[in-house]
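Before anything else, here is the set of structures, which you'll find just below.
Each of the next two complexes has chain A plus one more chain, namely chain B in the first and chain C in the second.
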Partner chain A sequence: MSHMVPKPWTWLKITVVLTYLFMLIPILVTVAVSFNAGTRSVFPPEGWSLRWWREALSEEWRSAILFSLKLSVTSAVLSTALALPLAFGLVRHEFPGRKALILLVLGPLLLPTLATGIGLLQVFHLTGLFASMGFAALLIGHIVICVPFSVRTISVSLGGLPPNLEAAAASLGATRWRILIDTILPLIRNGLVAGALFSFIHSFTDVNLSLFLAGPATSPITVKILGFLEFGFAPTLAALSAISLIIPLIGVAIVQRTTRLGDFVYAER
Partner chain B sequence: MAGDHVLVGRHGMWRIDSQHDGSAIAISWYLIAVPALFLLVFFVVPNALLLSASVFKSEHQVLTSELTAENFALVLSKPHYLRAIVRTFIVGACVGLLVALVSLPISYFLVRTTSRFKGLLIAISLAPLLASVVVRTYGWYVILDRFGFVNDVLVDFEMIENRIAFIPSTGGIILGLAHALLPYGILTNIAALSSINPNLETASKSLGANRIQTFVHVLLPLVMPGLIASFLLAFSISISAYATPAILGGYASQTIATLIYTFIMQVLDWSLGAALGTVLIGSTLIILLLSFRFGGRKVQL
Partner chain C sequence: MRSDKMDCAALELKGISKRYGSNWAIRELDLTVAPGEFVTLLGPSGCGKTTTLSVIAGFLEPDGGQITLDGEPLAGRPPFKRDIGVVFQDYALFPHMTVAENVGYGLRVRKVPAPEIDRRVGAMLELVRLEGLGGRMPLALSGGQRQRVALARALVFNPKFLLLDEPLSNLDLKLREEMRLEIVRLQRQLSVPTIFVTHDQTEALAMSDRIAVLNEGRVEQIGTPRDIYDDPANRFVAEFIGSMNLLDGTIASGVDADGLCVVKLDGGNTISARAPGNFPLGHRVCVAMRPERCGMVPMDRQVKTSASHLDAVVSHIVYLGSRQDVYLTLPDGTTVVSEVVGDIDWDIQTGQSVTFHCDPAECVVLSATTGRIANDFPTPAAKAS
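Let's turn to the complex of A and B:
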């Protein structure tokens, strides 16, 4: 911008570089430590090796990673499925209690996840089902905390559509379901995909909810790493942390090829 | 969003007429009822149960029907618990301030830069959101531990003789959380700054104001809602964070969240856990009201 006098702009740039360093260094340090040849978690690494990655990909940890993937993918798909009709009703209709429904939908984003986790644990205990629920207990909780993300992105997509689109399709003789499947879904595809991705990331990186709903055999990777950290910062855990970072990154990379995620990010808050 | 709004979508502007509500695809209401019911049963009921459990006595994960204020009295009477509560809010306030202040310059840069890497730069600033708290905390441990990077450097340069335990400590919690929540501050401040016309600053300067005057009198009042919003957002997420205090705070620096975990999962005293949970929910609600009032936050999708 031409009206910028260079000098303060330079100071700003220095501040910005420092901020980026502050944000990225702890994450890069974790990744570096995972390639350490020594047995201590130190930075800079004492030589390089893949031994901790081999250990992180051993049978025990692999099943925990797969468990997390299964949980997050299922939560993403189901929360997006639940979010679609909600977003539709909220964007396209005015009705009494609409504000209340918005609060209900955004609630899991506004109130502490920790409290929802404890509350769910208590509900499941009271019904006497918790012991037999396992995966289902986690899944229900994760769907709850993911719904707001999907509703938001789908709403952004729906908001961008002409309001008389359905009427136009109907006047051409399309039935309700055909309108939904042939006309609307393809147009809001980006919102659905972005919602599912954000839900996946939110679920995959969650700790506060899973902490209370996980069991010994049903522990997402984050909770499992956290549990082991109590006994020390083994380099294997650095490799696992790195893996838990790579998976959402891959998700973003795949989706970004077809969907401009930036369009939805600012709708997040 | 029905009502007499003008929506700016990616396909241009659409006037939405609130009378034109009977769209052809009048959605079947039971389609909304199913997800709404789901949230009612698995979100509202659990939180309501948690709130009510705080006023009942419990024995070994079983709530009795005896009404009591004992749980709150106990939580507020023990110095250890009280310290944890006070610490939690101090941590929240410090993290909120750090996040709001540190995210402002970078947000200003990201909004005003004409770099062709603008999109990439924004993406990098938000990328830490993809890292779970475990990844970040691990890094901070390696950097701050007694035998960690910072100590190594200080010893190598002979600036200290005895190694310093930076963590576990309350300061460690604040640093870890501020780091984790910075992207939220950036998102909030970018949104606030985007709506400020850059010509205002030019105008201010052409009227003779220097940079500091321009910043204080023109820019600051305009970004204030964004700063307040990011402060409150970071505050509200920090007070209920578990993993960062658990790892970087340790037993000596407990917070409400780590106490709750101890009560619920280890001591199995659900009433005390619920009482502290109620404190968290109550504080979060107050913060929400504040951010609706001062942070320009709205109940909208």
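Let's turn to the complex of A and C:
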């Protein structure tokens, strides 16, 4: 009967398909539920309607989505700007405490964001400024958890630069500043873009950290959804989940056109 | 321009040292390059040649010593203010710029007006025979073309000096030989003083006005290719440049009127050889003979009486087309080689006993250690001057 045994490739295909189904089914169910005509979140949907999407795009939810967008775009830009000099220092220079700094920078990636959140909350309270911080508290927290992503992608890009490029530019008469503008930035553009995108996604989808730092007037969409869950899983939430899924996907789709994100996800050349 | 300015060296290194931790990459290095001169730094890897180049370009600060370019000290001056063109081993072209943008970069950062940049880049591309390729990206070029772009980029802003860091080592043999001539042609045409770094002795011999042989961070010898080849200063240079038969022995006589002395070889024989210095009797030396200047004849044939000769046995013969290398074993087991161009006019056989011979003027006595023996034991003539 040995000729009946499927070839290894068949098994691989089956595994891949099952893995994707496992990952995608909950999302597909959620999306389907959001188009439900009934008032209960059931699958399969009881008829089709857009009422829950209308609900999800009402003023109340829209402002939360916009708040999240503002927060994650700002954190993405600032954490990437902060990560550039950091990555430079870590990749290019040997100095005492370099290893410790690497750990410190990548720390938020390894620690549960929950722990980071509690820690930041305590620090802010100690300074006595938390009440007046509002958006700034969230922004600082999000930058802390986003910086590791940008540092990683920028480091990969910097590491891939030909070794003598800067020396060549310098010998041709370029100052350090011109070398950065003319040579380094254009060549590590992909790392910057990928870092900013990963930071954006990470910030946009974060719940754990935001939970601790959000206030009534400063709640990202994720925290708002969590709060709404207390009243049960209304189909509005399904539509909102779909929206918070689509926004990062749009970001990926745009960036993927110019940058090979896979280089940074699977990476190591 | 003042005339003494014209005479002064283009580049002068005085006592340059560079240390990494406790290792000296270069130590007390002195070197002078005349205007328009092509000097090669030749040595094995780790001899300090690339460090020397980096120090001149300003990528590294030396730990000691002084560099002057056209009479001006370079200490503390950053690379972008040195006006020194550099060609790197990996070319280091900017991958995101076209060929023309690469070549014009040095002019752009000097704020040369755009029309003049275009004109000079065009002229330079023509000079390196890349006319019409200005719009290409570097990755779309062959190795030889990239090399030319790198040269054009380093020369277009009329640098005061040109540094070439093993620029040929990434090319295949044929291209390498072509680029050798090309680089020398450009250098002569633009008359830019140049230091060329290589570990390839053939390149050094073929291209240079003068060669500086480096070893362990020191200059072993500086001279024209012919000087270096014919009169190696010591055993290191003799072994590094070309192939060399080396026989150990001790000095057994003073130097005669023809500059020859007798060396008692460790194998027991004595031979007569040219002494570049006045060695004391009994001094440990080795006798160096170029294989192409050594010959052999069957035992029964007479050798010219003045020739230094030794009994030997043919151990094997390597046929190389344009020449044959005959490996011979001396009675004490030492191997020597004789390179014979063309046919050998007698029936040579492996295992045959022959007489190995060499003109005494072609046998050079070297101190067994490194260092310059001519300085340690100067001849009376050298002392007088």
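In the analysis below, the second predicted complex is superposed on the first by the 256 of 269 C-alpha atoms of A that agree within 3 Å, B and C clash if a C-alpha of one lies under 4 Å from a C-alpha of the other, contacts with A are read in each partner's own complex, and residues count from 1 in each chain.
The criterion applied here is as follows: a contact is a pair of C-beta atoms (placed from the backbone, for glycine too) under 8 Å apart; a residue touches a chain by one contact, two chains touch by 3 or more.
All values reported here derive from a predicted model rather than from experimental measurement.
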Under the stated touch criterion, which partner chain does A:113 make contact with: chain B (first), chain C (second), both, or neither? first
Classify the contacts of A:167 with the two partner chains as first (chain B alone), second (chain C alone), both, or neither. both
Is A:185 touching the first partner chain B, the second partner chain C, both, or neither of them? neither
Looking at A:250 after the superposition, I want to know if it touches chain B, chain C, both of them or none. Which is it: first, second, both, neither? neither
Which chain makes contact with more of the residues of chain A, chain B or else chain C? B
Which of the two partners, first being chain B and second being chain C, lies in contact with A:66: first, second, both, or neither? neither
Return first, second, both or neither, reflecting whether A:208 touches chain B, chain C, both chains, or no partner chain. first
Find the residues of chain A that appear in the contact set with chain B and again in the contact set with chain C. 162-164, 167, 169-171
Per the touch rule above, chain A residues touching chain B in the complex are 1, 3-4, 8, 12-13, 15-16, 19-20, 22-30, 33, 40-44, 82-83, 85-94, 99, 101-108, 110-116, 118-123, 125-126, 140-141, 143-144, 147, 151-152, 155, 159-164, 166-167, 169-171, 176, 179-180, 184, 201, 204-208, 211-212, 222, 225-226, 229, 233, 237-238, 241-242, 244-245, 248-249, 252, 262-263, 265-269
So in the complex, which bits of chain A are touching chain C? 162-165, 167-175, 178, 182-183, 186-187
Chain B residues touching chain A - in the complex, by the definition given at the top: 1-3, 7, 9-11, 14, 16-18, 20-21, 23-25, 27, 29, 31-32, 34-36, 38-40, 42-50, 53, 61, 63, 102-103, 105-106, 108-109, 112, 114, 119, 122-143, 145, 147-149, 152, 179, 182-184, 187-188, 190-191, 198, 201-202, 205, 211, 233, 236, 239-243, 246-247, 257, 260-261, 264-265, 270, 273-274, 277, 280-281, 284-285, 288, 299-301
What part of chain C is in contact with chain A in the complex they form? 57-59, 78-86, 88-90, 92-96, 105-106, 109-110, 153-154, 157, 163
